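Shared between the two complexes below is chain A, which pairs with chain B and chain C, respectively.
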Partner chain A sequence: MSQLKRRDFLKAAGLLGASAALPVNLLRAAGGGDLTVGFLYVGARDDFGYNQSHAEAAAVIKQMPGIKVVEQENVPETVAVQRAMEAMIRQDGASLIFPTSFGYFDPHVLKVARRFSDVRFAHCGGLWEEGKHPMNVGSFFGYIDEAQYLNGVVAGHMSKSAKLGFIAAKPIPQVLRNLNAFTLGARSVNPDITTSVIFTGDWSLPVKEAEAANSLIDSGCDVLTCHVDGPKVLVETAEKRGVMTCGYHASQAALAPEGYLTGAEWNWVTPYKKHVQAAQAGEPMINFLRGGLKEGFVKTSPYGPKVSAEAKKNADAVKAEMMSGDFVIFGGPLKNNGGEIVIPDGTDYKQTAVELERMDYLVEGVRGQI
Partner chain B sequence: MLKPWLGRAGVLLLPALPTLCALVTTAVLFIAFLLIQGRPAWQAGPLVFEGAFGSLFAWENTLMRAAPLMLTALCVALPARAGLIIIGGEGALVLGGLAAAVTPLWLPALPAWPMLIAMGVASMLAGGLWIGLSGWLRQKRGVNETIGSLLLSYIGLAIFRHLVEGPLRDPNSLNKPSTPPLDSSYQIGVISDSFYVHWGLVAGIVACVLAWVLVRYSVIGFALRVVGGNPRTPRMLGLPVDRLVLLTCVLGGGAAGLAGMFEVSAVQGSANTALISGYGTAGILVAFAARHNPLAIIACAILLGGLEASGGLLQRRLGLPDATTLILQGMLFINLLAWETLTRRTGDWRLWLRGHWIAAPRAGLEEKGETSHG
Partner chain C sequence: MVESDLSIFLLALLAGAIRVGTPFLFVSLGECLTEKGGRINLGLEGILVTGAMTGYAVSYLSGSPWLGVLAAGGAGLCLGLVHGVICSLPRVNDIAFGIALILFGTGLAFFLGKDFIQPSAPMLPSIPLGGWSDDTRVRSALNVNVLFFIGVALALVLHWGLRGTRWGLVLRLVGDHEDSAQALGYRPAGVRIVATGVGGFLAGVGGAYLSLYYPGSWNEGLSSGQGLMAVALVIFARWQPINCLWAALLFGAAGAVGPALQAIGIGWGYYLFNAIPYVLTLAVMVITCRPDRTLSGAPGELSLNR
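Then we have the complex of A and B:
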């Protein structure tokens, strides 16, 4: 009888161990106060684009004292990301997780966060809402349209044909906001400038992106930029054809030593550090975090060799205004490319305005349709 | 006395021999590859095992990934019984998922079970229609079913993207275009909190077992073997070849569509482009690894699910890039195809075993034995 009981006890103990509540605590204790931070990327870490911008910042976090970083790339927005986050928690003892792809948020991050309430999930791009989403989840994002506006200013100065090209993944608000900001920046220099846009349909379609780049160049565009996950193909194609480019996500200067003008880059180190420090200090989760150039969430690539002194001067002046926090990109009166007023005269949308998060129009000067 | 038993075991195991050889060769090649790259090959092996099968969590991880693969593998394996090579499961899966996601929008509010059944039926119809179309084009129009199903899959994906990002888009899904989210009562949960795998796994296993019964024990299954074996014989016998081919295509497509339904109702909660994640393509690998045997599909799907589950651990512990898992999968597939040549010989060996090791069988028994073709 007693033997049977002991066996049952052992079984129960084994189950407890397997249920992994124990390993999490053990691992954490074994780490001696080290904070294990997990990063998940939807694509390759060296894609010269979105994922690289995150991986570069993760490398900075790795250097911080008392931090252990675990990373996983090419994690699709399926059950795979749920299990990968859970594996980081259970197998590696991670207590702060950065799921960096927009599509991870709903339902994947939310589902896992509800099950692991003592782990922090700092998601990039999502829209955390109080009362609706768990308190151990936070979202952060950067106003990169500011840097795209500066891209536009430089492109406006450098373009000879007054035709710019933009390769976009999908007609969603984030993308339209960048496209519109780029166009507005260019037209602030020369109101005759137009931007031709091609939507490829998805975030990473290298062949289509190359075709789009070629057809934009064939139609006379002499500065190209984009909002796709990896601008590599576009920048290389343009460089080969002797056309200028503005970068996006990370710096692509190495791919186009001749024609790279400047670029809109993420600086994820800023929000990452805030989250890591809050976790280390045991402060409450930062649920909502946004910032632009001024807050150091985004930055611009150093000017390439072709950029004229006049372009630099103009762009630097606008940048200084942005840094002071006074600059408004989307102010009325603003027309869409069908001639209708979308922002009435006298209305200025600051970067934090929710109206901008719902953008569904192309501004005057954009050639294309949604 | 032992010989007949060994002989029987040999006869049973022989069909698995090419797969086993492929597994061993893959392991050897993979270790060699890591060594050449100067990576810690000896740590990688145990890690692959730990990540795939080393704990209850690892099993959950593996099985969760294996669940859709079982269904998409059937989309390849069933038509293969009739001699077709269908590779368009991805299109059937996403269209099935879309059908499941919009069913609750178009039907009046129903209790959970009838609605889930309706969603399942809708997804299977959509998937079945798509693969059935490939079969129909082949039988009636002479379009090669491999090319046809691949191209139809592209068309299916394009239709899916257009609908999800256009007419069927939920206006509130701003930066991730999706259909309106499913009501929580129509979402399928996990089997239990201590076994965190969604019900798609049960559906996958049940579907594989049913498919096995169909191909192994039914008259249709026997007729399929004739159709798959030779294009002329069944016509001479008067078998309804077109209908049989179409049936396998519709059933296979239905299985893939059902996988889409589970992706929507158990994982995503709505239809969006995250459904396009390569389950259809991975299903081809599983079906070939299982030599189109529905029961073996269960094992092979678990194996592939395990490889993918362990890929994460390889990345996090050894800093290996994700491509490592892809290389492992690629090696596995090439090895499976390469060792396939052994299949012809295993037939001879089986006969030899029967003749020499198993005590003289009656003539009738021998004909009743497996006549399966890959």
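Then we have the complex of A and C:
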């Protein structure tokens, strides 16, 4: 009995091995010329946040002719993502892959990309460097701090207490850039405004986020926003307590019909389409892709019912300047909240400046420490 | 300014103790009951998550949050019974099966809960006890959920029930000395299965509190180990339901320290403050668990002590 089993096992293993050894190209040819695109998300697709913003754009890509989409959610930033990508390539014949979480990039995407040099990997959030990273890898990201600056402008007009609250996950450059832009936007309206920041320590900690929202409201903040993966908890808690919110990642207007002011949203359709079209046309991989409001990488939520005409006018004017490409968020002289100059007088960092992608300070007006 | 900061901080601790502590209370009461019968159910973490999902789903589908709480308890009861029955089989280790149950419960909840992340379910009501105050902060802090009072009442009832009723005595006898219970004509396995089932019910209700009141939504990152910490909490409480109440409040307040400190502008060391509940758990374990002696109050049949 046991011998028979062993023989069956060997047979099955042999078959498996043979199928694994089949050239990837052969499998792909069976797809009939369609481009198979794979998407990987770190969380659930419908979390009212970061992952939803990606999944919504993936749904648009799905509608394009000649495209087949495969998706996998809840893929942790571990070796699991390497297996998931490999499965997409081998079993589904994917030749363009969008690993959408920051932590996938190094070493996971880089490792798999070296093994499958004819597959394109378009990673969201990383920083591709020439000579160091493989040519079939690209990184794209949006300058969402522009939309956060606009959030700040609206919040600055609407706040009565001149105290704003920001719930942040971790003190990494992208988060700090949003926090600083939000604060600068608000202080452009009223220089007395302060933003209290609470770092929760991780991307999704609902109990801690609710606790942070309550603490901020108790300390007098009357407009809240955040940079965590799912702003749902924050927006709902604030709405329950009658406090205004600015959204992040996707629109949370449906969760707070009263207090939702506006929001900073991703519009991943733009970079996705660029990558898909390049792959379909057989053009070289786009290794480095960035853009803001002007390029259509990010957008703002429609204004909520509470927003005053004055706030709308001011925010629209700033937005128009951003669309024309002249607006500078981080210009000198700029002090950190310890009073030291971080950007000297006369220096303007445009959005594309790499210095901004290495931000490690909190600007004047932020109450908190890194 | 300093004084008002302090009052904000203390208020946040008080409110946090109740808000964050309630799920700890339910789960630890459930675990207390289970362990009194001489078994450890580590799977309460999985039951908590399943309860949270079930409660949210049923509340959304039926429109009644109380029905959701009941369904969450029911789901917990089922999983608790599974644990109870399987661990009654010969040579099944309750700790190992508990770990399996954590994985099973969370996996099941994630799988079935996919469709309920997006919709908003009706929430449990709360009792406004702060009506006397003009301060909205005090009023908000004293908005206490009904489940908290049920939990407090339950702690009192269990405290009395374990000492003063026949049921309580049988449970304790089974947990303390299986052979005597058998000699007296009781069936230890049956008693334990019931105790584990009821413990599961309570853990499920604790999960419903998470998804239906605070923070009040269902998603896959909802629990941050509350179910596992409750096991440590029971040891900390020396298997006394009343002490479970105080321990749950303490752990709740500990969870509120990190955000509250940052809100009043104390920004340094927040990783440390955020870790306080876990540090507390570890400290409790280190202080109370020594290999050379049995804990006072520990049920004699508990596999920890054998």
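In this text, the second predicted complex is superposed on the first by the 347 of 370 C-alpha atoms of A that agree within 3 Å, B and C clash if a C-alpha of one lies under 4 Å from a C-alpha of the other, contacts with A are read in each partner's own complex, and residues count from 1 in each chain.
One rule holds for everything that comes next: a residue touches a chain if its C-beta (ideal position, glycine included) is under 8 Å from a C-beta of that chain, and two chains touch if they have at least 3 such contacts.
The shown structure was predicted, so the numbers you read here are calculated from the model rather than taken from an experiment.
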Three-chain arrangement built on chain A, chain B and chain C clash or fit: clash
Under the stated touch criterion, which partner chain does A:S215 make contact with: chain B (first), chain C (second), both, or neither? second
State whether A:V79 touches chain B only (first), chain C only (second), both chains, or neither. first
A:Q91 contacts which: chain B (first), chain C (second), both, neither? first
Per the contact definition in the header, classify A:G201: touching chain B only (first), chain C only (second), both, or neither. both
Looking at the overlay, what does A:I329 touch: chain B (first), chain C (second), both, or neither? neither
A:V189 in the overlay: touching chain B, chain C, both, or neither? Say first, second, both or neither. neither
On the A-aligned overlay, A:L224 touches which partner chain: chain B = first, chain C = second, or both, or neither? neither
Between chain B (first) and chain C (second), which, if any, makes contact with A:K232: first, second, both or neither? second
Between chain B and chain C, whom does A:A44 touch in the aligned arrangement: first, second, both, or neither? both
Only chain C stretch among 42-50, 96-104 or 204-212 with CA clashes against chain B is 96-104
Which residues would you name on chain A as touching chain B in one complex and chain C in the other? 44, 74, 201
Note which residues of chain B are touching chain A in the complex, please. 51, 55-57, 60-61, 64-65, 161, 165, 174-177, 194, 198, 263, 267-269, 272-274, 277-278, 308-309, 312-313, 315-316, 321-322
Counting only contacts in the complex, chain C reaches chain A at residues 5, 8, 11-12, 15-16, 19-20, 110, 114, 117-118, 120, 136-137, 140-141, 210, 214-217, 219-222, 224, 255-256, 258-260, 262-265, 267-268, 270-271, 274
Using the touch definition up top, name the residues of chain A that touch chain C in the complex. 43-44, 46-48, 74, 165, 196-201, 204-212, 214-219, 229-230, 232-233, 236-237, 241, 255, 367-370
Per the contact definition, I'd like the list of chain A residues that touch chain B in the complex. 15, 18-20, 38, 44-45, 70-80, 82-84, 86-88, 90-92, 102-103, 105-107, 125, 170-174, 201-202, 357-358
